[in-house]
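Common to both upcoming complexes is chain A, partnered first by chain B, then by chain C.
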Partner chain A sequence: MSIAAEIRVRRRIVLPTWASGLAGEHALLVGVAVLGVLVLTALLGPVIDSDSATSTAYGTLHSPSGAHLFGTDDVGRDVLVRVFHAIRLDLVLALVICGLATVAGAVIGLASGFAGGLVDLVVMRLVDIMMSIPVFILALITAVVLGNTEQTMVLAIAFAYTPVAVRIVRSQVLLLRELPMVETSRAIGTPAWRILLWHVLPNTASVLIAQATLFLAWAILDTAAMSFVGVGVHPPTPELGAMISEGSQYIVSGQWWISIFPGIFIALLVVSFNLVGDSLRDYLDPRSRR
Partner chain B sequence: MSEQLLEVRGLTVTLRSRRGTGRIVEGVSFEIARGESFGLVGESGSGKSMTALSIMRLLPNVAETSAGEIRVEGRDVLGLDEREMRSLRGGSVGMIFQQARSALNPLMRIDDQILRVAALHGRTNGKGEALAVELLREVGLPRRVARSYPHQLSGGMAQRALIAIVLAARPQLLIADEPTTGLDVTTEAEIYDLLRKLRAELGLSLLLITHDLALVAQNCDRVAVMHAGHVVEIGRVEQIFERPLHPYTQALLNSVPTLEGDADEALALEGSAPRFDELPEHGCRFVERCPQRMPKCGEPFTAIELEPGHRVLCRLYD
Partner chain C sequence: MGARRGAPTSRVQGCRVRFAAYLGKRTLASVLAVLGALCLIFFVAHVLPGNPVLSRATNTSTDTIHQIEDQLGLHKPLGTQFREYFTGLAHGDLGDSYVTGRSVGSDLAARAPASIELALYATLLALLVSVPLGVYAAVRHGRAADRVARAISSLAVSMPSFWLALLLIYVFYFRLQVGAAPLGRLDATATPPPHVTGLYTVDSLLHGRWGTFANAAWHLVLPAVTLAIVVIAPLVRITRATMLEVLNQPFITCGRALGLSERHVIMRDALQNSLVSILTVAGLVFGYLVSGSVLVEQIFAWPGIGQFAFTALTNNDLQGIEGFVLVVAVTYVGVNWLVDLLYGVIDPRVRA
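Up next is the complex of A and B:
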């Protein structure tokens, strides 16, 4: 091979790595930036303008203007202010749901995978049963059975996500526990629970964190969807899904802003969580760190 | 004898699986003195690793030690409870495996892995960082390795790092199960130099498990040859290599090509060892492949000592 050809080949190999590396960093940057702005508005919005989320003092159904950037709704509330309040609520709910599902999934998955045998069999069949029901339907039914409140909705969604996390953690545990790492650790006198804690759990983290970020995105969507159909968060509490629901009847008559703006912010939240999740997964894997 | 660090007497390991049941290790006896280097050679599946794992009581679920006695520093290993067993693992007997890199936790820095083992065996007393660096120096690694992750190390460095981690528990006996498989010859020689140095400096005993006769000749004082779960011959390295008695040992030594000899003269051994579920109930397990088999080879028999320390499991020497 001539030197020129070799250089060409090298460049072809080097360029995609460099490009993908940079693309990864851009994704993280964009994701974090968008999320940062959203979180900041969620935190600051209500502080700046604490009581106007339910204030009806602005006149009904004004289209977006300098005074009301997102317009006002059917009872004269400022859509922008309500969106900010709703983002805060949705973020908090999503974090709680994600935390519950991830922790429960990690604990059950670790125990099931490491114990094996009958315990594993029973747990996995339960997981199969739960996963045969669509997540949203399962959460909806559970919330309704538990009583239609914000707290039960959070529990119900977390409950519906848990089997997903259980499966992911268990599959990692099954893989990891056969590694020489675990045998070596046993041969050096490490107690089983420490092997789980030191060697197995941390090595599931990259996969689990990626899934947790996905959970955040799902939770935003499912919280909104549940509230849209009237389960969980109820009007007049500002919540993105509930707001879409409230505004939906006005779309046909031309007052699109009541529904569209909450919808845009749901999309922004979901996309930015996905961007951050993917980049985090790459970053947290030390094998891919340069 | 209290001089013996490890004594294995009549060790029998039974494997039960869906395919059948078999004594994959049977009547294995040997002992290792303090500071001694002992080799366990045999082909794949001859029970070398199972013997080592039963010393650590780390046999897979399908296998169990069904008979025999194992003593480490005079303590009856098979009678210890789980807590005592954990202090014996690592604390008395350390074990290194092939593919050292996958034996290390990829997410944990080397010093962290060393210090956790040291803490488990109660020897940190606050000097953490210094201890890690000292152990790394002992195995010939620069101090920067302390802050490295396993993927930043070469294969040879990973094996050294693993040895440092194992040494952090201050074992008396180091079991090395094919420790240099997958490493190149130069690195392999370096690892064995290191093991020799550690024996000299720390008085460590070594149980080397390998299929490579040359490694045993260079690194061991005594050797046991295993075939299909039996120790067919045991003795000092000179005895085994100069006066091999068992037909299997003779065949193994003949199968090593020499520079002087004709390559065609190196004899390959016919056939393979019987499968674990087809092992004969008693008698010699080499009989099917043996060029000198006799009718009485199928009868129960015991090893005989032909010269001091040189025992053979064969009816030829009755």
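Up next is the complex of A and C:
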């Protein structure tokens, strides 16, 4: 999670967002376009360029050239090909993390907000406690303790994001459950699960979708950061953060391309998810608009 | 007479009581949050199904693992471990680090100044850039300059900090050869100044050691710039947002109508009224940076709390990790507590 988002979530400050009107649509378009190109390269890149991401046949530490646009790394692998593969892996991991955190957050938030009373109190205290540790640090510690594999990293990051989603869904539920339609449903004897599923959940969806897009941006950054410190995805699997880590020792001897290119793609992915997420939130949640 | 004087006095007293109640409530909540965070990490470290010894040391024999578990006290019943940990904590003992063999408390205390110094300069640097940028964006609301400011802060927040650190090292240390080597707070040949505050730049000035000061400042530049770029976005956002809000208030229009110069209206009236919010976020940013710069400290070999956490994590040093989380939670919750407190002083409405 970026620090900006972290502070916004933690302090519950509803900051006026930048994007409004036409600017918002531009941001959304740019974000979607960049993402589209990146997803396409991630999907088609490895098909068109059939070179293997683990092939070491290209000579070590060549600087970027016509043959290898992003150069080759210390064991002679093509950085461009590895970046393609890494984008695909990172997108998949981010989607899984985002899905897990969003679903868990929705379920817990719905239950807590609708049940109220003691359940709500306990859940919200737990959320407060989890949020008194920075997200990245909580995820890092959890992943290390759980056994330092790709799966545990995904679980740990999703675990650390869940309280954010819980808080968002719960605050929506608190508003929604006071609405006449919910009251009416209850009065005519609709069971609670049905009210939740038919009336409350669909109305939290818009806010949740916007947050889920932002989760994707955070997940790309946090996955890369975890793999950079050697938790989660391990070399030789191509992953953007792990690739930056592999190239980091060559930075001080001038072979910049191994680390710098993967980082550029992390930034591109994160910028576009942020743009889409911010625009969606402005569009779907009128209260955050200024 | 008595009645007339009585009313305001009791109102003041009522305010004080309410403020005390607010303060008490916030303090209690903060203390509970820190204790909760410690329980959470204890749970994560001791109860979750992973084996912290196994997850790193993959090819050690069962005997070695048992030996390490004995050493860490992991063989004892969970309740005993929990009680021992919190008893130690109550006596100010955070346990001994498995890596360094020293007490975690003294390790962290020795490293805190390095982190504080770095976070301090990074926050100041970020403020220097983002306040003018945010003010300018607010003044030119909706125009090109506004969009540029937005683009700069979105880009800054999207770059991974560890990558940015490497990029800066490449450009300024390797390519231009103007940056300091990413190897700590001073050159290997320099001796640190006598300990007063622990901040090398301050201590060296106090003792008039200009050479040491220059050296420490030189080493601070790259890591501080890295962290500053990471935190520019929230500062630009809050500056722009509060400035916009203030600029729409009647007293600004009034100032303009009175013929005050635009410069005076913006720099004095509007900015001064926005400073509280800006400084609030700056405080939060500082709290975040003191404990949150694990990766950047590691890359620059900065001997701070973050680097300690990195070593503890990569070596499965449970006591070290728990000590680090204590520091993180205390800083983080503490800064939030302070901010709430200041809000309570400034704005009586939040006390309710």
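Following the convention adopted for this analysis, the second predicted complex is superposed on the first by the 254 of 290 C-alpha atoms of A that agree within 3 Å, B and C clash if a C-alpha of one lies under 4 Å from a C-alpha of the other, contacts with A are read in each partner's own complex, and residues count from 1 in each chain.
Going forward, a residue touches a chain if its C-beta (ideal position, glycine included) is under 8 Å from a C-beta of that chain, and two chains touch if they have at least 3 such contacts.
From a predicted model like this one, the values you see are computed outputs, not experimental measurements.
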{"item": "Partner chain in contact with A:Pro202 - chain B first, chain C second, else both or neither", "value": "first"}
{"item": "Chain B versus chain C as contact partner of A:Ser248, first or second or both or neither", "value": "second"}
{"item": "Contact breadth on chain A, by residue count: chain C or chain B", "value": "C"}
{"item": "Chain B versus chain C as contact partner of A:Ile260, first or second or both or neither", "value": "second"}
{"item": "Touching partner for A:Leu35 - first (chain B), second (chain C), both, neither", "value": "neither"}
{"item": "Which superposed partner A:Val270 touches (first chain B, second chain C, both, neither)", "value": "second"}
{"item": "Partner chain in contact with A:Ile188 - chain B first, chain C second, else both or neither", "value": "first"}
{"item": "Chain A-facing residues of chain B, complex", "value": "56, 58, 86-91, 94-97, 99, 102-108, 116-117, 120-121, 149, 151, 162, 165-166, 169"}
{"item": "Touch list for chain C against partner chain A, complex", "value": "29, 32-34, 36-37, 39-41, 44-45, 48-52, 54-56, 142, 146-147, 150, 153-155, 157-164, 166-167, 169-170, 173-175, 182, 230-231, 233-234, 237-238, 241, 244, 281, 284-285, 288, 291-292, 294-295, 298-299, 309-310, 313-314, 316, 321, 325, 328-329, 332-333, 336, 339"}
{"item": "Touch list for chain A against partner chain C, complex", "value": "2-4, 6-8, 10-11, 13, 15-16, 18, 23, 125-126, 128-130, 132-134, 136-137, 140-142, 144-148, 152, 217, 221, 224-225, 228-231, 241, 244, 247-248, 251-254, 256, 259-260, 262-263, 266-267, 270-271, 274-275, 290"}
{"item": "Touch list for chain A against partner chain B, complex", "value": "179-181, 183-191, 194, 198-199, 202-203, 205, 286-287"}
